[in-house]
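One chain, chain A, links the two complexes that follow: it is found with chain B in the first and with chain C in the second.
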Partner chain A sequence: MLPVFPVVLPLFAAALLAALTKLVSQRLSQGIAIAATLATLGIESYLLHASAEQPIVYWFGNWLPRHGIALGISFTVDPIGAGLGTFASVLTLAALVFSSKYFDAAGNHFHALLLAFLAAMCGFCLSGDMFNMFVFFELMSAAAFALCGYKTEDPGSLQGSLNFAVTNTIGAYFVLSGIGLLYARTGALNMAQMGRALGAGPLDSLVLIGFVFIVCGYLIKAAVVPFHFWLADAHAVAPTPICILFSGVMVEMGLFALARIYWDVFNHALHPHLAGLRTLFVTIGVVTAFIGAFMCYLQRNVKRLLAFSTISHIGLMTIGVGLFTPEGLAGAAVYTLGHGAVKAGLFLVAGILLHRFESVDEFDLYAKGRRQRWTAAVFFAGGIALCGLPFSGLAAGDDLVHAAAAATGFNWVRLISLFAGAVTSAAVLRAGGRIFFGWGPAGDQSSAPKHEEKPETERGHDHTPATMFVPAAALVAAGLLVGLTPNLKPAASTAAMQFENTNAYATRVLDAQPAPAPLPPRPAPTEIFSGLLTVLGAITIAAVHLFSDRARDISAAIAKPLQLLHQIHSGHVGDYVAFLTFGMACFGLLCAYCFR
Partner chain B sequence: MTRRVRKIFFLLSAAALVWVFFLAYSPLAPFGYVQSKYGDMVNAITVPERHITDAVTAVNFDVRGFDTLGEEFILFTSVMGVLLLMRRQKDEPAGDHEDKAADRMIPPASDAVRVTSLLLIAPTVLFGLYIVTHGQVTPGGGFQGGVILSTAPLLLYLCADYRPFRRAVPQRLIEASEAFGAAAYILIGGACVALGGLFLQNSLPLGQSGSLTSGGMVPFINLGVGLEVSGGLSLALLVYLEELLEEKEQ
Partner chain C sequence: MSYLPYAVAAWLFIVGLYGVISSRNLIHLVICVGVIQSSSYVLLLSIGYRAGRVAPIFADIPANTLAVDPIVQALMLTDIVVEVTVIALLLSLAVQIHKRHGTLNPDRLMKVSG
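So, the complex of A and B:
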């Protein structure tokens, strides 16, 4: 019964809020939403704990498989999925607390939509059925599009939300096409059963392109290059509490889907081409990390800056998942926690700045934050944590990914994370230096054009309420401290091994046999040196940028050719769709001809 | 990108993608070849085990009923999203936007339209209810019937003017019943647990196959879905009409 709750409890609360929309006060509605989220959080963390030994399989309506053929829908709870669901509940809680000041004419729909969003994310993480995952993907999108366009008085908000909706709906279309192709081949929607059928059958272009369609559709949500364009637009316009969910966990859901689909469905069929797939996904990850980092450094709107930094970090997580080893997946999972918490905290600081000074523009805010000592402390702590400060959550993820990369012959991956971490973190430190200390000049040639940002709150701009500050500080602290959890890395590795044991998963789901106990994981060493080097690099870049005129000239000269990159991110949804089509076609042709 | 560059870039990529689609679909099994045992298995169990004569309904509301719960909430969430995005801003005075095209008029409805609409309302409601309640017997169910039911307010609008129509339609009640319809799915699923089964495990008496009361929980779910779908679509209609017409009238 328990696996059902993370989905139906928030949905029921959402329906309740919608039914009582004009009867209950905003405050009460927020209280109901928080209570539902807390309950979801409790159940998800119990599931995380309870599934550590064995995946929990729950057949809705008690439609058990007959002769190895799944009739109904199953939830298959494992620690990676339950962990992601737990994390989604934590961030939803933070968003709900932070949004106390966001009350206006929206009625209770804001809270109800947030709960539907949470339910969809939980369902997506727990489902063991390909089509059921798609249903929750759609539910997630329906809630996200509306929440993204919340600030309806701002015309930019409509455009950002529309770009998000168009690109992600195209993604959904491709996912559905892929599911259709595979259903035609396997006659199954249960992922374990599909995996068995594909492993027994031939690997032809139908299977390969089914893989491409489903994976690309989900990678649009994950915002990897060249599917990343919507992300910065959506983050720039979405209300800050929604940004933390987008950046912290929704985007990562796309990568979770890649892992789930590869390991449960395609592992047997695609195993002969594992080396090629590794190269493909590591390349995608590297390109994403670079483009995200460059674009991040060029921004002056703090929310856009953080959004591009998310793209860069997603690149690093794509490498982790795309190495297709237990350490790689474990690394990406831990990285998600570390990155998500820190990035959410940084977004909330941007929300606090918007609340206090009605702007998130680095130059408009120049030296305005001088008296915000505590906010500044949170911002700088987040900035440093973002580049993988040793022993932080991000660093723990990095350690695991680097160990996985070394084991598969991609030793140079650590250089990529050093570079991307240093540049994205330097951008945050640079913006923080300007805003909170008034360092450096008040204007700059190399940066992007200005975007106007409407304030999100109405009253009380002369102080920062605790409901805004506490979630921000708590999230950054959590991101730093989660890396100190003694058992984090081995537990994540064990969970990843369980996740990637395709045969055990299938027998557990279809034959109700217990899965074998996983082997003890290999320890991943803590890399203090490269972490410190990244921190040093970030501080150096930021300091040189702020204090050296000549360096600014040089960076302006470097930024000139990067203007082309800027122009590509035009905000025109037609451009985005063209790139998306291009990426999809390349991916499809590559897979169809290289992996035959 | 300029318009021209974008067009060329897109068309070239789309051509390549067409080739990808061709590669994907060419190894498909020939037409009429049945790969899957699923259909046969479902056909073999719906009547004996569930007393449901419409196999599609059996799959949608019983065997894979949890998918349909998610789909119902997609509609519910979308309608909430519409309500959120179309809300009137605090500083947005009603009737602020004048229609700039002075010659664009709403043509008054002719008497023929009014009378026909009035006559159609009752049969439409009846037909909608028929489709909602017969899902377990013949093709149909809450989604299809709900859509038919939601055309009743539209007919009402056609046979009266906007103001009387607005007065006649109880928006609060529709909002509440829509949410209740959505919640009902979860309540029924939970009731199955209370009766000692798993979530959405059909534990009610199954009734006589082919009758209105067959299928255990399925007719109840269909009623809830019908309420949700008709309410949701009516709400969306109301909100759009409000946006369009209140501006016109002032």
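So, the complex of A and C:
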């Protein structure tokens, strides 16, 4: 019974809050939401612990499989899924605490939507059924669209939310059409059974189209280039507490889905073509990391800057997942923890700035944060952690991804993460230097145009409440310290090995046989040197940008051709869908080339 | 076994996408999203359809009668429920956008970009 509670509990609390919205005070509503989130967090962490040896399979209504044929709908709990669910609960908790001074007049819908969002994310991580995954995906999206456009008085907020909603809904139709086509071939919706049936059948154009549809649908959520346009718009306009969930865990859900779909469903059918797929996904990851980093550096809106930095880091995670090895997936999982916590902390600092000074624009805020010593400390710690400071969570993820890349002949991937880490982190440090110390000149014409941001809080602009500062500091600290957890890397590698053992997964789900104990993982060396090099690079870029007039002229000259990138990010939903269609056609052709 | 339903589904998908890309009016755009959605209905129903078989309601027919596949029909019903929510949300966003921006033309909404 236990695996259903992370879904049922927040959903029930959400329904309760929505029903009682007129009767319950804001404070009580927040209390109920926090209690429900804490309970979900407890259950998820228990599931994480309990599934370490064996995946837990739960069949709804006790409709057990007969003779290897799934009759019912299952939840399949493994450490990667449960871990992602646990992390989603932690970030939801931080968002709830942070928002306690928010939306004073906005009613309780915010809490109800947030709980529905959490329930959908947990269900998505735990589901063992392809169609259920789609339903949770849609529930997650619908809650996210509503939360993104929550500030309906802000015109920008509505536009960002519309772009987000239209692109992601089209992504959901891709997924559904793909599921329909695969059902036509396999007659199954349970992922383990689909995997077996696809392994027995030929790899023809039907399977190819199904694969392309489903993967593209989920990659839209994962915001890889060229499906990434919605992300920056949505992040720039969403309420700050929501940004931390979008950046920290929702986008990563898309990559989780990619891993789940590949290993549970397509592994048998596509295994002979793994080398081609690996090259394809690593290429997508590299392009995403580069474009995200460039766009990040060109921003002056701090929230938009952090959003593009997320795109860049998603590129690095895509490389991890797309190497299709246990270390790669383990690296992406650890990276998700490190990146999610640090990025969430940085977004919360942006929220504090918005609360204090009613702006998130780098130049509006010039030198305004001089007295915010502690906030500045958190911001700079986050900025340094973002480029993979040795022994931080991001660095631990990097170590694993680099080990996986070296084992599969992509040794140069470390250069990509060095570049992307240094540039995105330099952008954060540069903004921090301007805002908190007044370094560099006060105006700059080389960056993107300004976007007006409505304040999110109604009063108390003269101080930073503890409910805002503590979650920010705690998240950045967690992102730094998680890398020091002994056993993190081996545990993640073991979990990833279990995740990627397609046969053991299928016999566990369909035949109720215990999975064999995974082999001991290969240790991934800690790379202190390249981590320090990245930090050094980030500080150098930021310092040169702020203090050298000559360098600023040069960087302005480099930025000229990059204006084209700016123009592509037009904020026009039709353009985004055109890119999305184009991207899917390219992806399909490349897959067809790989599978020929 | 006819290929016609699949061709219809593909056609609906493509015209829906084209409509979204070229739309000059947000209401029209949301309806085009609905057209893409209809394509998935047609696809699901045509996967489950078998010529000459009965509806899968076994109240007064023998249990071994050949019927069309009820699972895809259930999927489609679920899909309708989910998508009605999303379309309603999109339409309400369009209404709000009209209130704040004074236009429904996506070409004129340029608050966020770059």
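Operating definition for what follows: the second predicted complex is superposed on the first by the 592 of 596 C-alpha atoms of A that agree within 3 Å, B and C clash if a C-alpha of one lies under 4 Å from a C-alpha of the other, contacts with A are read in each partner's own complex, and residues count from 1 in each chain.
Everything that follows uses one rule, which is that a contact is a pair of C-beta atoms (placed from the backbone, for glycine too) under 8 Å apart; a residue touches a chain by one contact, two chains touch by 3 or more.
Only a predicted model underlies this, so the values are computations on that prediction, with no experimental measurement involved.
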When the two structures are overlaid on chain A, which partner does A:Tyr173 contact: first (chain B), second (chain C), both, or neither? second
Touching partner for A:Gly149 - first (chain B), second (chain C), both, neither: both
So, A:Phe131: does it touch chain B (first), chain C (second), both, or neither? both
Let me test your reading of the model: by the given contact rule, A:His109 touches which partner, first (chain B), second (chain C), both or neither? first
In the superposed model, does chain B or chain C contact more residues of chain A? B
So, does A:His566 touch the first partner chain B, the second partner chain C, both, or neither? second
Answer with first, second, both or neither: which of chain B and chain C does A:Val577 touch in the superposed model? both
Is A:Leu139 touching the first partner chain B, the second partner chain C, both, or neither of them? both
Quick check on the superposed pair: does A:Ala538 touch chain B, chain C, both, or neither? Answer first, second, both or neither. neither
Touch check for A:Gly210: first (chain B), second (chain C), both, or neither? first
So which positions on chain A get touched by both chain B and chain C? 131, 135, 138-139, 142, 145-146, 149, 152-153, 181, 183-184, 570, 572, 574-575, 577-578, 581
Interfacial residue positions of chain C with respect to chain A in the complex: 9, 13, 17, 20-23, 26, 29-30, 33, 36-37, 39-40, 43-44, 47, 71-72, 75, 78-79, 82-83, 85-86, 89-90, 93-94, 96-97, 100-101, 106-107, 109-114
Across the complex, what residues on chain B touch chain A? 1, 6, 9-10, 13-14, 16-17, 19-21, 23-29, 35-38, 41-42, 45, 62-67, 69-71, 73-74, 76-78, 80-85, 87-92, 172, 175-176, 178-180, 182-183, 186-187, 189-190, 192-193, 197-202
Taking the complex as given, what residues does chain A use to touch chain B? 1, 4, 8, 11-12, 14-16, 18-22, 58-63, 66, 69, 71-73, 104-107, 109-110, 112-113, 116, 119-120, 123, 129, 131-132, 135-136, 138-139, 142-143, 145-147, 149-150, 152-153, 181, 183-188, 204-206, 209-210, 212-213, 567-568, 570, 572, 574-575, 577-578, 581-582, 584-586, 588-589, 592
Per the contact definition, I'd like the list of chain A residues that touch chain C in the complex. 131, 135, 138-139, 141-142, 145-146, 149, 152-156, 158-163, 165-166, 169-170, 172-173, 176-177, 179-181, 183-184, 189, 233, 236-237, 298-299, 304, 448-449, 451-452, 566, 569-575, 577-578, 581
